[in-house]
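The two complexes that follow have chain A in common; it is paired with chain B in the first and with chain C in the second.
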Partner chain A sequence: MAATSAGRIAGLCRQFQRCVSISPSFKLQQTEYCSSRCVSLSNRLSSFSPAVNSAQYRLFHTSQSRKGLEEFFDPPENWGETTVKSGAPWTAKQLRAKSNEDLHKLWYVLLKEKNMLLTTEQESKRQRLQMPGPERLKKVERSMTRLDSAVQEREGALRLLLTGQEKGRPGEWRRNVFGHVYWYRFREHPIPWHLNSRYRRKRFFTPEFVEPHMRLRLEKRIRSKVRKAQLEKQKEEKQAELFPKASAQTA
Partner chain B sequence: MRNQDAVKTLKTTHTHKPYRYIMARRLIFPLYQYGNPQLRVFRPNWFLTLVRPGKEQPPDTVQFRVPLEMTKYDVRNYLQKIYEVPVAAVRTRIQFGSNKKRNHLNQRVKRPDYKVAYVQLAQEQTFEFPNIFPEKDAKATEGSVEEMQEKFMEDEKQRQKPDPRRGGVTEWFGL
Partner chain C sequence: MRLTALLSMAAKAAFPRDYRYGTSRPWTFAAKRRNPPGLHRRKVFVDDIPNENWSVFKGDTVEILAGKDKGKQGKVIQVFRHRNWVILEGLNAHYRFIGKTNDYRGTYIASEAPLLLTQISLIDPTDRKPTEVGWRFTEEGERVRVSTRTGRIIPKPPVQRSDGVVREQWKDGPKDTPTEDALLKTYTPSLKTLEEEVMDAMGIKEDRRNHTSYWY
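And now, the complex of A and B:
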């Protein structure tokens, strides 16, 4: 293939865009971070979208990547390089425009990419050489966290609509032995709580001898807050002394 | 897509499950009791690192660093479903990361623990860890700083060489 790697990646992005039939308002820019494994991905996607012309894919190899363990390494042209061209990470806005199936597939693309980068990083540490393109790791990580947040938003919205529950995992406000009130998240147990000896040892109430300590803690908190406010006030007074308003000159 | 799609389809219909099937690390899986459905993990958060073996391994063995929470079954399913690698056997061990080294404040610095998985491939496949950092003779571009630096280094090396007219005899010998 005479095309440069950058041109290939751009071509892959365009292929991906065509396969995935996104709404016209969203543009997949060429700076998108599509891994080279997008070849196999776009080919797999092409088997689903019937409107795609098979002649478009004659430039790329149409067999799915069957070499499993080869996917743990960079394509051989990146071996020994110091820099590798890679696009920008996925933003949350772009990910929210994708369908569930696309996000699911993208998760695995990113997962495989991250595995490859971790392998390269460990090997570079072993050989005491610089890893080609270390910034890719952060990009993939950020893309994955954003993808997860997009999916969580959708799940939360669905749950709220169907059941009215805000949180997926039930919980309640409880007070621990030290007097702190916190959100206790429930766990699954095979036996009821009154038969669970370890759970019973964990007291969710405050004994009365702890109350003086709670009071002292509260006083300390109030004192520190007041001290901070006084310090701020003193600073402002000093500033007012140095730069009084009466002598302010307007341009 | 592959036939294992049934395992990895995204749960779009809501069920009254208390936990979300998202992250696999740091997640409390639902309790299993007899008759419960098979646990499915969608969008696993586990990452495997292929490492070069420190000691000589048989040709069909591949060495991975896996998260501590992964089990042998998890490793096998992960490789078979996501990478389509036929796995015959998996053996794991936990490597303790040392807590002995101390920093400039004499505090002990802990290196993280990790789990090592030795995966034996099925169907008589072999795997050899490739050399990812081959020697590449990169010629610096014309007129760049690197080219000038290289030229300077070459000149210096030439200056350091002994007088060729002496025929390899060192300066130590007087004449």
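And now, the complex of A and C:
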């Protein structure tokens, strides 16, 4: 079973690669740049200055070539394997120590790796096979969320320092027709509110006939809170009765 | 409801409030056979031990104080926090056949039964006798398990990762960043946002100004 399933994925990949012809120069580029999740950044990025040859940026920024579709798939060594060795994801601490340009580049490296893994996952679902190395996808997603949070932290600190605003997007507390007070997030519009007929139809107040319902809702909420507290108290009493703490043993 | 919420609801297995968790994982066939939907068994009361006071870990050597294999010492291979259970290797085992078919009687294996924490005791490394254990702080500030009888520190067993990776024997793959590069600090604090810094580095000049917009 394993042999045939491995053979099928390998067959598909081989079929695909036959359609995509790779020029030798491109292959050199591919081994040197990108297509990697955690590409070795130090050589190119730690000495980041405009004096570095612009050829590098050009090679990095433009899409590699129209025939770059093989980057959507695993490298050939992984075809047909059940497990693929992968390293640990990036931690938030490591990402906070990187410069903004490094993070910008790493984001796209991770994005391409994620696309590759999602393609593999979809293809395995289509062929009803086990995806090789599914934990890689989780690792990449976690690295990306941590990167995003590191960038957001920096942006938030800068915004607080320069403008004094805590939130990036304006908003305010408003009441809706059901009597709920919620944080209404503003949206960007080309026309002022007094000319916006659809906005004027929205009601940010509570009509008075809703007040009895609000009272009933409040009563229900209070009752359920009291019920929960009583349940917790009963649980604790039962625990104390069954497992008296005076003679409790730890291991 | 959002589609993602609906799909995640379907993916996440829901269990009733009075579900009795056993030694098998709830999604396995054995567990489903034991706990079919609609089953209501008497509630099992479990002593609520907070995380800080939990002293037995996977890989510890403990001694059995009660039961069939009383007095024997064994290594912990599995810990069930939800029922305060511990499974020792080869001890407190009953034997059964698995993989039985009509002609073949199956493989005879030892299946270990779980032991409660009260039936277990950690072992003092000095005299290898069961002892009570408490948590104390060392001079460095580390929180360790200490045998109350002798005062000897009981070290935590080394954690084996579930993916089988051993840190000392790890070799980076083609897509892995080397350790020095990953830990290298390239960040210099500045008053520019990420977008501004990247635009400066890439030589992008944005002269267009946003049209007036209204936020409400």
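Operating definition for what follows: the second predicted complex is superposed on the first by the 166 of 251 C-alpha atoms of A that agree within 3 Å, B and C clash if a C-alpha of one lies under 4 Å from a C-alpha of the other, contacts with A are read in each partner's own complex, and residues count from 1 in each chain.
Convention: a residue touches a chain if its C-beta (ideal position, glycine included) is under 8 Å from a C-beta of that chain, and two chains touch if they have at least 3 such contacts.
In this text, all values refer to a predicted model and were calculated from it rather than measured experimentally.
In the overlay, answer first, second, both or neither for which of chain B and chain C A:E135 touches.
A:E135 contacts chain C only, not chain B.
Now for A:K114: first (chain B), second (chain C), both, or neither, which partner does it touch?
First partner only.
In the superposed arrangement, does A:G168 touch chain B (first), chain C (second), both or neither?
In the superposition, A:G168 contacts chain B only.
Have a look at where A:S86 lands relative to chain B and chain C in the superposition and call it first, second, both or neither.
In the superposition, A:S86 touches chain C alone.
Taking the superposition as given, does A:R126 touch the first partner, chain B, the second, chain C, both, or neither?
first
According to the stated criteria, A:L69 is in contact with first (chain B), second (chain C), both, or neither; which is it?
First partner only, chain B.
Thinking of the overlay built on chain A, is A:V151 touched by chain B (first), by chain C (second), by both, or by neither?
A:V151 sits against chain B and chain C alike.
Considering only touches as defined above, state whether A:P212 meets chain B (first), chain C (second), both or neither.
A:P212 sits against neither chain B nor chain C.
Which chain A residues come up in both lists, the one for chain B and the one for chain C?
100-101, 103-104, 151, 155, 158, 162, 170, 186-190
Chain A touches which residues of chain C in the complex?
Listed in rising order, the residues are 45, 47-49, 53-56, 62, 117-118, 120-122, 132-134, 163, 170, 172-178, 180-188, 191-194, 197-198, 201-203, 211, 213-216.
For chain A, which residues are in contact with chain C within the complex?
36-42, 45-46, 48, 50, 57, 61, 75, 85-87, 90, 94, 96-104, 113, 135, 151, 154-155, 158, 161-162, 170, 186-193, 199, 238-239, 242-243, 248-251
Quick check on the complex: what are the chain A residues that touch chain B?
44, 47, 66, 68-69, 71-74, 79-81, 100-101, 103-104, 107-108, 111-112, 114-115, 118-124, 126-127, 129, 148, 151-152, 155, 158-159, 162-163, 168-170, 186-190
Can you list the chain B residues touching chain A in their complex?
1, 8-10, 12, 14, 16-20, 22-23, 28, 30-31, 33, 42-44, 47-52, 62, 65, 79, 82-85, 127, 130-136
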